[in-house]
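Next come two complexes, and both contain chain A; in the first it sits with chain B, in the second with chain C.
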Partner chain A sequence: MKARLAGATKGHSLLKKKADALNMRFRQILRKIVETKEEMGRVMKASFFSLAQAKYATGDFKHTVFDSIDQASLKVKASTDNVAGVRLPKFEAQREAGGAADSKIGLIGLGTGGKQIQECRKSFVTAVDLLVELASLQTAFLTLDEAIKTTNRRVNALEHVVKPRLENTIAYIKGELDELEREEFFRLKKVQGNKKKHTEAAEALEAAQRAKGGGAVGNGARENKAANVLAAEQDADIIF
Partner chain B sequence: MSFGEDTSEMCLFNVKDGFLEAVVRGYKLGLLTTSDYNNLCQCETLEDIKLYLTGTDYGPFLANEPSPMHTTTLVDCCTRKLVADWRYLRENAGEPMGRFLDYCTYGHMIDNVVLIVTGTLHERDVQELLEKCNPLGMFDAIASLAVAQNMRDLYRLVLVDTPLAPYFSDNLTSEDLDEMNIEVMRNTLYKAYLDDFASFVHRVGGTTGEIMSELLSFEADRRALNITLNSIGSELTRDDRRKLYANFGLLYPHGQAELAVAEDFDQIRSAMEKCPPYQAIFSRLGLGETQMLDKIMYEEEVRQLVNTFEQQFHYGVFYAYMRLREQEIRNVMWIAECVAQDQKARVQDGIVFTF
Partner chain C sequence: MSGGAELFALIVDQDTATGLLLTGVGQVDIRKRANFLIVDDKTSQQQVEEAFKDFTTREDIAVLLINQVIAGMIRHLLDAYTKPVPAILEIPSKDAPYDPSQDSVLQRVCFMFGES
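Right after this comes the complex of A and B.
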């Protein structure tokens, strides 16, 4: 029992440490998210403005762009990160150096507004980078949130349920053992007292007989028998 | 030009085209003025812009738009106005003015054809593509463009009946559709179109020829400049670049030869500055300020377009009206974007005042 209690205490302290570590990371990520979001707002604004500029110079070029692209030049790679035993998904943007796509896009708007389109493309690429980072942070945030909740639940369960229960059991067992001990002691005392009484009574009887001056032999034999019965009783008591 | 021809032009122009010229001059008065733009710049929301535009010639086209306005719907409405005006002009035009008006829209037609062709190559929905087409460049057979799977079919089935046919047959071979970059194709077609338009106005002659060739050479030069600017650092070779320049214009042929080999902005600048009208433009441009170049070119174009209204008895006004309206739509779009995106500080960067 004591070993279990010790285990519970140790587990509690370990989990507490984990929760603290997770919390620290959580705060870090939260701060980063806020920063990235602000940045995002700025970049998105600039991107859409440059889109407006490109539209001003070229007119609607959406389909031209659509049609000149057959594969994505930006890919998102997912990997995992380990924080105190919690797996956090992590996303990374990877630029594919696609020569063909680049050259095709490079020529869009050759007649008018090509430069604005390139500007627009550049600013949107940074926006996408930021978006991917933000996505990675957000999912990490959610997973961490979940992990922190379970860890906290475990910590609390250990602290408020498992540990008190173990302590209660230990206290009860201790109390019970004490009581048994006390009973035993009392009984021993009682037996000792009884023994004393009997010996005293026997001694008094003997003294009385001796005082009578040696009574009848038959009387003496009866007395002996009675003493024997007492002795047998005493034996049984001890056995019991 | 002999005196007699000039006089007869003055005498006889109004017999056929006087009415339409009057109409287009009426339309011209409906263009937004500087004070209109100033008022538009004060608007706080797109609703305000709509409200203000309802008071102008755009009124009937904007009145029934449901309330949540977007920049695109606003621009669509303005485009509808231009298209309606243009249709009216075209329906009432006799020859050769009808052809002239058609010529003005071929540029959009090229854009539309290129859009549909590339769209079909990538298996996009034709209906969706048709919605994206510029309504000025529509022609009857445009939807059937999507049927064609290769260049030969495309030409044989559809394009041969359109006015664009010679541009395609002269400049593109059947292998080109798959291999050539779509932008190069577009600009090749556009170059052929400009050349053709220039020779057409030359045939029309008179004041029209005079004024239009001036406008077209500016357009050709501007395209040459833009192509050069945009192709720096791309994979376009010098010879390819040279092929995309139109065969006329103030820069033709020496300036273009210099532009074709230019590798950075300073070389372009020195090539352009050899031509007096462009020297004036580039002198307004500070060193390294490439951003402002577009706006200055737009302003120069608008100035020339407005000047065409100073003369009478010629077709240039129609071309000028179309270009001015388009510039105006761009201006409205710019203002609307700036208002919608809360960037009012930059609103002046994009507006080119007409009057």
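Right after this comes the complex of A and C.
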């Protein structure tokens, strides 16, 4: 029982540490998310501005873009990050250079304003990178949120349910054992007291008999007594 | 989830789509299934909802980008969505600048900050 309580206490402190570590990370991510979101707003604005520029230079090229889509050249690579035993998904933008789509897009607007389109593309690429970072942060945020909730629940369960229960059991067992001990002690005391009384009584009797007559007479009296006892037993038998 | 690269998904208006597709995030597979939905005036809310459900259940998509205006249309779906992957990002569109107070994730972030 004591071992279990010790285990529970240890587990509780460990989980508490884990919760603290997660919380720390969580705060960091929160701050970062807010910053990145604001930055994303700015970057997207710039990107749209460059898109407008490109449109102005080229005319409407969106259908060309929509038509030239084939295989994605910009993908997301997912990996996991480990924080105190919690797996956080992490995204990374991954570029497959030299793909067919790459060259196709590169050729858009070759006749008019291709430069602007490439500029626009560049600014959108930075935006996408930022978006991926933000996505990764956001995912981490959600996962951590969940993990923190579970950890806190466990910490609280250990602290408020398991530990008191174990402590109660231990207290009960201790109390019971103490009571047993007290009982035993009291019994021993009583037995001792009784023994003492008996020996005193016997001694007193002997002393009285010895005072009455000599050693031989005392012996005779004892024999007499023994005979009496025997007779009494026999009587009892008959009655029985 | 592990190893292979995954795709973006887009539910965006035309201008945003143009810009993002320029970077090469678009993909149309053999069955002509695209990883983006371009929303214009004619697109109904139901179409958007269906695309959202489709993209969030597809396994090869890691990040879903959605214009904030469009996200507002299907806010109930976004609020009900709790899975970490694919991550949903609300991005500003050309006509509407970014408004942090409407972002469901950012709302939660602010709530946490206010709470703690």
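Going forward, the second predicted complex is superposed on the first by the 188 of 240 C-alpha atoms of A that agree within 3 Å, B and C clash if a C-alpha of one lies under 4 Å from a C-alpha of the other, contacts with A are read in each partner's own complex, and residues count from 1 in each chain.
Throughout what follows, contacts are C-beta pairs under 8 Å (C-beta built on N, C-alpha and C of every residue); 3 or more make two chains touch, one makes a residue touch a chain.
Values in this document were obtained by computation on a predicted structure and should not be read as measured data.
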### Query
Between chain B (first) and chain C (second), which, if any, makes contact with A:Glu181: first, second, both or neither?
neither
### Query
Looking at the overlay, does A:Ser136 come into contact with chain B only (first), chain C only (second), both, or neither?
second
### Task
For A:Lys37, select first, second, both or neither according to whether it touches chain B, chain C, the two together, or no partner.
second
### Query
Does chain C touch more residues of chain A than chain B does, or is it the other way round?
C
### Query
Who does A:Lys115 touch here: chain B (first), chain C (second), both, or neither?
first
### Message
Is A:Lys45 touching anything from chain B or chain C once the two structures are fitted on A? First, second, both or neither.
### Response
both
### Which of chain B and chain C A:Glu167 touches, first, second, both or neither
neither
### Message
Let me test your reading of the model: by the given contact rule, A:Ala57 touches which partner, first (chain B), second (chain C), both or neither?
### Response
first
### Task
Pick one for A:Glu206: touches chain B only (first), chain C only (second), both, or neither.
neither
### Task
Identify the overlap between the chain B-contacting and the chain C-contacting residues of chain A.
45, 48, 52, 62, 66, 70, 108
### Message
Under the definition above, what is the set of chain B residues touching chain A in their complex?
### Response
71, 111, 115, 118-119, 121-122, 124, 129, 132, 134, 181-184, 186-187, 190, 223, 226-227, 229-231, 233-236, 244, 290, 294, 330, 333-334, 337-338, 341-343, 346, 350
### Task
Sort out for me which residues of chain A touch chain B in the complex.
45, 48-49, 52-53, 55-57, 59-60, 62-64, 66-68, 70, 103-104, 106-116
### Query
Can you list the residues on chain C that touch chain A in the complex?
1-2, 5-8, 14-28, 34-35, 38, 62-63, 65, 82, 84-85, 87-89, 91-92, 94, 97-98, 100, 103, 105-106, 108-109, 112-113, 116
### Task
Mind listing the chain A positions that touch chain C in their complex?
27, 30, 33-34, 37-38, 40-41, 44-45, 47-48, 51-52, 61-62, 65-66, 69-80, 89, 91, 94-95, 99, 101-102, 105, 108, 117, 120-121, 124-125, 127-128, 131-132, 134-136, 138-139, 141-143, 145-146
